[in-house]
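So, here come the structures, one by one.
Across the two complexes that follow, chain A remains constant while its partner is chain B and subsequently chain C.
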Partner chain A sequence: MNAILQTLVSTIVQGSILALISIGMTLVYGTLRVLNMAQGVMVMVGGFAAYTVVDRTGVSPWISIAVAAAVTFLLGVLTYYMAVKPLLGRPGVDFEMTAFITTFAVATIVQNIILMIYGPRQKPFDPLWPGGINITSEVSITYHSMIMAVLAVGALVALGLFLSRSRYGLAITAVAQNLDAARLMGIPARRVYVVTMGIAAALAGIAGVLLAPLYFVYPNAGDLPLLQALIVVIFAGLGSVKGTIYASYIIGFLSSAVAIFWSSAFALPVLYIVILVVLVVRPNGIAGKPQEARL
Partner chain B sequence: MKSVPLRALGWPQIKPIPLAIAGVLAAILPMILNSSYWVGVCTLALIWMVLNQSWNLVLGYSGIWNFGQLAIYAIGGYAAALVSLHTGLPWPIALVVGGFAATLVSLVLAIPSVRLRGIYVSLLTFGFSEVVRLLVIADKTGITGGTFGLSGFDGYGLQSMEPQARYRLIYWIALAFVIITLVAMYFIVRSPLGTGLMALRDNPSLAAARGVSPIKYQLLSFGISGFFAGIAGGLYAFTYGVVSPSLMGLGQMTLLVTMMVVGGLGTLTGPLIGTAIITLVQAELQNWPEIRLILLGLVLLAIVVLMPRGVVPLLAGRMGRLNSWMSAGESKESKPTATSTKT
Partner chain C sequence: MVQVSTTSTPLLRARGVVKRYGGLAAVDGVDFDVFEGETFGIAGPNGAGKTTLFDVVTGITSATDGVIEFAGEPIQDATVHDICHRGISRTFQLPSVFDSQTALANVLVGAQFGQPRSWFTAGRTDADMLDRAKRELIFVGLAKKASALGGPLPVYDKKRLMIASALATQPRMLFLDEPFGGLSPSEVDELMVLLSKVKERGITIVLIEHVMRALMALSDRVLIMNQGKTLFQGSPADVLRDEEVVRVYLGRRGDREEGAPDA
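Here is the complex of A and B:
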């Protein structure tokens, strides 16, 4: 009973964070057809930005979330100008693949710059709200993980409202749905790309701050989130926002169940086998459309 | 006249004189370099050449975005090391066993991969290699040695030789495998299999409609590529006497992908030249490890943005333009003979 309750709690927390990271990837893929391999690095940079601000100025960690979001937003925009814009509309080159490689290169560059500045050591980061409550004698939730879930869900709701209500969000949705039609309606697609890359990175940056007290801040902190987010987006089918949210919680549940009932070392391999089966049965994920139809 | 349609098909042509010069230079290189450090660097470059050549068959010629090759390479290395550690078989057999183990894993990876398209393949294979790495790191049974890797096996069994002669011999063994791989790739690319793979890369639906089976051809491409990757892994294991999870990982992948992209994907000499250039740059930067990977990332970014097809096709294009410019001048000067040969 306790283990089941623990799994549920862990599912909600992990699923929300996963959704926050992978929604950025799916949003970028949906609008630009770029699989952003720098998303994991954004998680890590978010953590470092928050750590630096708290460490140097001593402000409350809550303010550092905003700083991390701003820093990663700018880095996302920079990634667009460095890695994606030069490739747009170039004939004779497979855009999706070259962009995959260039964003990967950006990830390597950023990760090693951080490594050079801060060194490989893990940096501690205080929880946003220390302490916790015990549900039963053995199952406890820290306040921090509650805040993680609440903030992540809040950010997702805000993103949903942004995409469906605001002027810029509607532009992103329009470009993702039909690039040509959106351009004919006068939407400047390339500026939408900039905003999308920025927002996706900022979401990952927020996730990075939330994850920092759990996994510390260090230059490889983005590797595991990237891998999990990749699993989520394959499972969901790239470009589907709703599918990504469902998939995040399913993957969150699976990985916490395996970690609690078996061993955390096997969480990723088990997920990977699940993904293999899903891909063989449904090659475009649970909600993805066939790729030809989306090109 | 035969060379024109061959070039139009994109088949590699043998240029005997440059090849012979490069071969002789490569063979006498350990004699010229009188430091064991540089011979070691060159040996590593040769091992990477075998690996990149094998990777290029899938990535460049078949156009399947397989980013799991490093895991296959490492599995070949582990298999060869385990054979060497637990049995008394001679090293060539251990290498071949490693190659076959890698082929097997590569085929298993290929089964879901050939069903997918484009970006999903890269996701799947990239995830595969990371999971293999994490599994090895988490391995507590002692079979693979976990984080610290596997060591203590015989390797080539040359421990009794004096160091300098040993380094040279190991270098020549690696060089022999580079040549074997190059020749094998040449014949594969020239064969109907190679043509079929390129056809599937350039126009999958047309190729399939003309009777080129995507699943059969791409499985073959994965299998062959896996075999040579496994051999490269075994060479690494026997050269350094250790295999560890550090054979895989993001940094290594960046390094090898940069080599192939710099040289030119889908060319035979591209992986060789790219590997040579990047290894040299990396070895020169040995004393500044922090900026090594940053520079590598910048080079990768710059090459993809500025010359996405790599150095070799760029130079080949320039060379072709020079040739046609020369021959155009010739035909202009000696017009009567040109027309007389035509008729």
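Here is the complex of A and C:
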């Protein structure tokens, strides 16, 4: 009973964070057809940005979330200008594949710059709210975990409202579903691309701050999130927002269950087996759609 | 109202437009003028370069060579959205809408983004934009389907939805790529009425069309293309008298008797 409860709590927390990281990859893939390999370092940079402002200025970690979001938004925009924009509309370039590699290059460069500045040591980051409560005598939940889930879900709801209610959101959806028609109706597609990459990075940056107290802040902190996000978006079917949310919680549940009932060492291998089976049965993922129905 | 004077400055002026894909010239040195308020028809066999010409004018693809002027200003190097903001709008040959959005939201995209406005103002439910979108939906006769999703709509509805979205951008000039293709005879009649109403609003229309009945009835002047070049340019009545057009495009006299234009 306790183990089941523990799994449930862990699923909600992990799934929400996974969704926050993966949804950015989905947005970028949906609008630009780029599998953004720089999404992982945005998680890591978010953690470092928060660590730095808290360490240097002593502000509340809550404020550092906003700083991390701003820093990673700018880094996302920079990634667009460095790795994506130069490739757009170039005849004879396999855009999807090339951008996959250039975003990976940006990720590696950023990671090494951070390593040069901060060194390889893990930096501690305090929970946003220390302490926790015991649900039963054996199952406890930290306040920080609760905050993680609440903030992640809050950010996703805000994103959903942004996409369905705002002018920018309408432009992003239009570009994702029908690029030519969207441009012909006066939407500057490249501006949509910049904003989308910025938002995607900022969401990962927020996730980075939330994860920092659990996994510390260090230059490789984005590796596992990237790997997990890749599994989620491929499992979901690239470019599907709803699919990404479902997939995040399914993957969150699987890795929690394997870790709790078996061993955390097997969580990732089991995920790979699951993704292999899913892709063999459904090559487009659980909610994969043809191009015209994306986002 | 649609009195066309060939001495006035054309709204759209194309000179020596060339679009080459490798060794193939899809459009090979086409010249034409379109005057404010007129309806200009383009026809020709498949592969004649009609849609490529549309793509070049609307900026979807860039011209290899030539000059295109809209309202006196060169637009051959302008971006797609800039061309839209200047007042050129278009529809596609294959129905092309935003599938997961409602009909109203589809038109709203045109209303919201069709004019150059500050990027930071107005939300999706801006009252003026919403009004304009609704007006255009009513104009094309889709008011009842405002909240239906774009994707599952039948072809005729999608075609009208594209026209409504294009009109919502408040264009001076509307390019229609085979608006009658795939429609039933009664739908063709309805759409012809709709397009004459567009014309009455003072919007200049350029249309590609294979349905000769519609093309002849709507067009003030006609351009017939073949293999990327101009085969004929003149009045609809003269088209049918031109030996070369009949030979290349319309087929032998007699084949088309029942499809003869009512113009």
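Note that in this section the second predicted complex is superposed on the first by the 289 of 295 C-alpha atoms of A that agree within 3 Å, B and C clash if a C-alpha of one lies under 4 Å from a C-alpha of the other, contacts with A are read in each partner's own complex, and residues count from 1 in each chain.
We take it that contacts are C-beta pairs under 8 Å (C-beta built on N, C-alpha and C of every residue); 3 or more make two chains touch, one makes a residue touch a chain.
Only a predicted model underlies this, so the values are computations on that prediction, with no experimental measurement involved.
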Contacts of A:100 with chain B and chain C, given as first, second, both or neither: first
Which superposed partner A:150 touches (first chain B, second chain C, both, neither): neither
Touched partner set for A:63, first chain B, second chain C, both or neither: neither
Chain A residues touched - chain C or chain B, whichever exceeds: B
Chain B versus chain C as contact partner of A:167, first or second or both or neither: second
Chain B versus chain C as contact partner of A:82, first or second or both or neither: first
Partner chain(s) touched by A:158 [first = chain B, second = chain C, both, neither]: neither
Partner chain in contact with A:135 - chain B first, chain C second, else both or neither: neither
Shared chain A contacts, counted only where both chain B and chain C touch the same residue: none
Chain A - residues contacting chain B, complex: 29, 35, 82-83, 86-87, 90, 93, 96-98, 100-102, 104-109, 111-113, 115-116, 223, 227, 230-231, 233-234, 238, 265-266, 268-269, 272, 275-276, 279-280, 283-284, 291
List of chain C residues in touch with chain A within their complex: 58-60, 79-81, 84-85, 89-90, 92, 96-101, 105, 108-110, 112-116, 119, 122-126, 151, 162, 165-166, 168-169
Chain B - residues contacting chain A, complex: 65, 111-112, 115-120, 122-124, 126-128, 130-131, 134-135, 138, 250-251, 254, 257-258, 261, 290-291, 293-294, 296-298, 300-301, 304-305, 308
Footprint of chain C on chain A - complex, ascending: 164-167, 169-171, 173-174, 177-178, 180-189, 191, 292-293, 295
